[in-house]
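In the two complexes below, chain A is the common chain; its partner is chain B in one and chain C in the other.
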Partner chain A sequence: MADEMDEIINEFVTEAEETLERIDPLFIELETKGYNKDLLNEIFRGMHTLKGAAGFLGFQPIVDVAHRSESIMKKVRDGEIQMTTPLMDVILKSVDALRLLISHIRVKDGVEEDVSALLKEQDSALENATTGQAAEKEKIAEAALAAEVKEDASKEAAIEKPAPVEPKVEAAESEKTHAPEHAAAQQKPHVQTITPPADDTAQQASKEKDVVANLRVDVSRIDKVMDLAGEIVLARNRLLNIASRLDVVHSGDPLVENLSETTAFLDRVTSDLQLAVMKMRMQPIQKVFGKFPRMVRDLARNLGKDIDLEIFGEDTEVDKSVIENIGDPLVHIIRNSIDHGLEFSDERVAKGKPPKGRIVISAFQKGTLIVIEVVDDGKGIDLEVVKRKAINRGLITEEESLKMSEDAIVNLIFLPGFSTKEVSTELSGRGVGMDVVKTNVAKLNGYVEVITKKDVGSTFRISLPLTLAILQAMMIKVGKEVYAVPQSMVEETIRIKKEEIKDIAGQKVLTIRDRVLPMYDMATVLGVKNVVDEGRDFTYILVMVVGDRRFCISVDELIGQEEVVIKTINGIDSDECGILGATITGDGTVVLIIDLAVMARGLFAGSSK
Partner chain B sequence: MFDLKLKVLVVDDFPTMRRIVKNLLKQLGFENIDEAEDGNMALNKMKSGNYGLVVSDWNMSNMEGIELLRSVRADDTLKETPFLMVTAEAEKEKVIEAIKAGVDNYIVKPFTAEILKEKLEKIADKRPSLKAGG
Partner chain C sequence: MDELIPIAGSSDLKKSSSEEILQLVTFTLGSEEYAVDILKVQEINRMKEITRVPNSPDYVEGVVNLRGKVIPVVSLRMKFGLPEKENDDQARIMIMEIVGITMGLIVDSVSEVLRIPEGIVEPPPPMATSISSEFIKGIAKLEDRLIILLDMDSLVGKESDAQLIENATKALT
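So, the complex of A and B:
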């Protein structure tokens, strides 16, 4: 009974948030495009819907704020008033207020925001926008309409004058406690819902076919399916392994041939299943990108910079966990670009650049990776400044700075506690720096690259695996144990003669195609005993790329590539121990997956001291 | 009382609103309630099913309530279907448009089961099909 009400409220919160998320970017579009009836209509409708449902549920502050926003949008839509920047500011403020009000309902903290100041602001903004004459006209029109309604109402006996809305709201409010008692309880998951990614296209299709093609499913159910699919993948890997071994021993046996055929079929179906389940968790990155136009606008306005924002590939689909975790890093990067990267108009003109700064955010799939780029045409990252700063902060020594490559210097900005501006502005100086970018991206098994050129601009490129559950892994053997490392970070594997390894100032190095790369021994890193015959004159090398650091790792044996399902190990902190998780291989052994990002951090932290 | 076996179609593009209206109808005793998320879908459903009452929102992204009403009234087999329009305060001035288009009655959001009942009773006075045994 009370549950029914809870469910309705939860549903309302989810939908209201979606509505706001949908209309938020439209404001910015409106501001850039100017008057556009479709956009205005869409925003008006969103506010209107929100107000309607909130009214039923007795959320009066939402009704009040939405009502006034709706009135403003309506007047703009109908051409009665012009959309001005102050008016837009008030509307955007209202959207923020609505979001806040809704979030209070979501967490049920019982906090009642005082919206009276905002309501006054809305009213005065509307008043200022409406010239006296227009108001006068409107009054006359309203009076005429009212008269007409009355006249008609008397003709049509069935229609009576609408009752004032005030008492009804109260009625709805008191009903809140009683109403659900009569209603049949409907079971609906309400913890967390995800909208199927093909929302738009599905809606298109439903227009034609008139079928409800969308289904809201509890995320935990999808994750359960995902988990089970993972188990099937593991079983399939084992089956494939057994079948191929049988095939070696009993080749030509029709039964074994049958088995091979069946496992081959199972192999295909399992891959399809895995992909299908994976897709269920995918959502367009629009969900994240959607808030950027507004953010960029606000930042630009606050700083007095003129900025053009372009967004591409917002329909690129990424895993739900990416949607949840990539927002913060991107916000930091974009803030950084606007705050530190883009110059003021006069400075730009002096450099012969267009006065308006440009930021391009894009997402696309590249093989099994999702690439997200933030490109600005600002002044680029000044390596000298970065170097100085890092030395001043004690992050590196003067001596080290001389040996560092440009790449390494750029990467200093990701160190905790680094900020290139003397005085951090309100935007960038919030206690969290670019190190958040690296940490969050690493959590998603991805990496960040920075490409920067003086006065041309900077590119921040984030590369992420398509899914977090399955990993293309390189299986290696160190000591007696087999380990897996993410294939995406292995650039190449080679066999070298031990004599090729050189020693420079205590650091082992290897020259590969004229490039000198630091080399580490995996057995030493992992602290396991090397059991390979010391007399062997060769060793295997993995050339690793983590972020834009390149280094070599020597291992005892290379086993090969395998698609592994990551199982998290309860009770360990991957960030601490450098173990991403475990997996079960085709032959049934449990194999640890090494978190190379953590490992590399450890290696380079050690080497810089 | 109304014929509670009648099939009712609730049309609104906001799922929460559909659910609220459905709940209110259930409180009045209606059991057979169907939903549509816009005018187009409603029209298609009406053409293939026998609906005894339509409760439609005005403001919808895909075919507004008023258009749905006009289409219903223009269709020979559907034109006698009782039609209750759900409107918001802001649309009061447009109600006249709905009256001209042949709406049976309208109801302003937010409303209670009581008010809904009153409205339906008014419709039932004119449309016997809505009454129990009528």
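So, the complex of A and C:
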């Protein structure tokens, strides 16, 4: 029984969190759009579902807070009171309180938050908004609830019979026998709120479909499938290899032809399987973006800045791990833009810009990469200030600063302990921040670029691979060692004559289609010993693009392109060694995958390290 | 497991009644004999192909494929600052879990499984061995030989390696 109860509570917590997550951005939308019945209804329904479920489980503080919020929303919806900023503040506060209460339930720490102050605040806010009707307040609130329940009940009547159970929700504790029905009743409205409003019959049909179409699956199970799919990929690669070798030796043999045909089929199916499993882990980035409108609003209000936020591409799907890890970096970037980037209105007007600052957050897929951009039209990053600060903090020397490119200077902001604003604010001046951006993004095998122009604004661009488990790699050979290089960063591979390599002030360079690119020797970079110079007069070159840097790497041999499964190595400092991870090839040997971002950083030393 | 090691049982010493018995795996590095708690050792493998990791500390020999898992392999000789030696067919990779990280340790040879009473283990004398005393838990005095008991956790737990653990845990979470 205890387990069952746990399960019910967990279910409740998950749903409640989802509900809050869903309605949170709606408040902001409401504030910008003004009165909008659909939005209000949506919020109202969310609150109501939450209240009902909490009541059934006996979480009284949640019921109290949700109930009062619901009453306020109800009045606003019915046009009895106007949505004012103070009212909105109270409601948003309530949402935060609900989130806190729910988090306590989730971690089961038994902490009881005192919500009485908030309840009073809610009451007085409602009272203030309804002055004149203050005397009737209680009655109206009650009536509102009753009316609402009726309305809801009539809506749901077509779908389910136990609708009359709804009004009794708060008394549910004494009705243990009805518990299963209650649980069902609580679940159904939740599904219903997701489906767009439609007439009753259509709603019923789509609702039934929804119940079948969605499954809550433990992530670890999906990950297990993902791992297994990875192993199949390896086995397939090996089979393909064997089949093609057999084909060479016994060409024309019908058995071998059969094998080739079957492996070709397996090849296709495996690719599809891989994609399908990958998709299972994909979620719309809305999950992360959803909290930004609220955050931007709060920050803007605190700082007294006027800001417009635009969000694009929120339905872009990304891997679950991206959803989990990209939130913090984005929060830091956005805070930074609001706090340091965007100017106050008068300052903006003086510069001839529109008084309202603008932040655009967008996500889109570009080839095999997911790109997330945060663009502001603020004052841009002042390179001189950054440089001076870095010198003051001993991050670079005066001498170094003279040699640094603009790009390198901008990247100084990612160093730990860097903060450019003279006066620290509680928002972004805590000395942590931008370095978190870099480490978190690096964890996802991605990289960050900054484009900034004085008084025009800054763009932070985060590029991430579509999936973290499987990588298209170029297999290369250096001396006797084989390495894998992420294909996404290899622009082209060419064979050149050694005499084409020129030397400019100690730096080897190569001219490719009229562009002079720096060239490095992979063997030297990786410290490969025993490289025998076979006296060849040619070498192979990989042209790499990492962020906006382009350079050449010479290798001894190009083996070919392969799909590899990335395995992390515990116990090796992969950042220090410049490797992304390892992969196991068809014959069982371990091949290291080179982390080009780290390698590039090392090569352009002095720029950011 | 590539080879099975017969349990030596209590051949070396008679069990004294009240004392705790330690079960150890002993191995050699150079002329000295070392031992680790048997529970730390997951398996013992013959040398296999090791993939070198560029820019890693010199005691990290590389990584190997342990049934689909990629694990780092450390040369205990290098870690202890002993002279380098080509790995011959006596050399073994001992797979251990040290502070949560599965890793392989290369030793010159693996000798036996030993049961000794805890009482014969003495604290390490400051200067008696060729390796730094920070890795030593104690010294077991047997009739005809001395065995150095190693504290495997300290092998990874010190200074620069703290970073290593941190990264490992980061990778894990």
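Some notes on this structure:
Quick note on the criterion: the second predicted complex is superposed on the first by the 434 of 609 C-alpha atoms of A that agree within 3 Å, B and C clash if a C-alpha of one lies under 4 Å from a C-alpha of the other, contacts with A are read in each partner's own complex, and residues count from 1 in each chain.
By our rule, a residue touches a chain if its C-beta (ideal position, glycine included) is under 8 Å from a C-beta of that chain, and two chains touch if they have at least 3 such contacts.
Small disclaimer: the values here were computed from a predicted structure and weren't measured.
Contacts of A:503 after superposition: neither chain B nor chain C is touched.
Once chain A of one complex is fitted onto chain A of the other, the partner contacts of A:8 are limited to chain B, with no touch recorded for chain C. Once chain A of one complex is fitted onto chain A of the other, the partner contacts of A:114 are absent, as it touches neither chain B nor chain C.
Once the two structures are overlaid, the count of chain A residues touched is higher for B than for its counterpart among chain B and chain C.
Legend: residue contacts after superposition of the two complexes on their common chain; A:74 is shown touching chain B, with no touch to chain C.
Legend: residue contacts after superposition of the two complexes on their common chain; A:481 is shown touching chain C, with no touch to chain B. In the superposed model, A:346 makes contact with neither chain B nor chain C. Using the contact criterion defined above for the overlaid structures, shared-chain residue A:48 touches chain B, although it does not reach chain C.
In the superposed model, A:537 lies in contact with neither chain B nor chain C.
Note: no residue of chain A belongs to the chain B contact set and to the chain C contact set alike, using the contact criterion stated above.
The touching residues of chain A, when paired with chain C in their complex, are 231, 443, 481, 525-528, 567-579, 581-582, 584, 588-592. Taken in their complex, chain C has these residues touching chain A: 49, 51-56, 60, 63-65, 68-72, 101-103, 156, 163-164, 167-168, 170-172.
Taken in their complex, chain B has these residues touching chain A: 13-17, 19-20, 23-24, 26-27, 37, 40-41, 44-45, 57, 59, 61-62, 88-90, 92-93, 95-96, 99, 104-106, 108-115, 122-123, 125-126. Residues 4, 8, 11-12, 15-16, 19, 42, 45, 48-49, 51-53, 55-57, 67, 70-71, 74, 142, 145-146, 148-149, 152, 156, 158-159, 162-163, 165, 168-169, 171-172, 175, 179-180, 182-184, 206-207, 210, 212 of chain A are the ones that touch chain B when the two sit in their complex.
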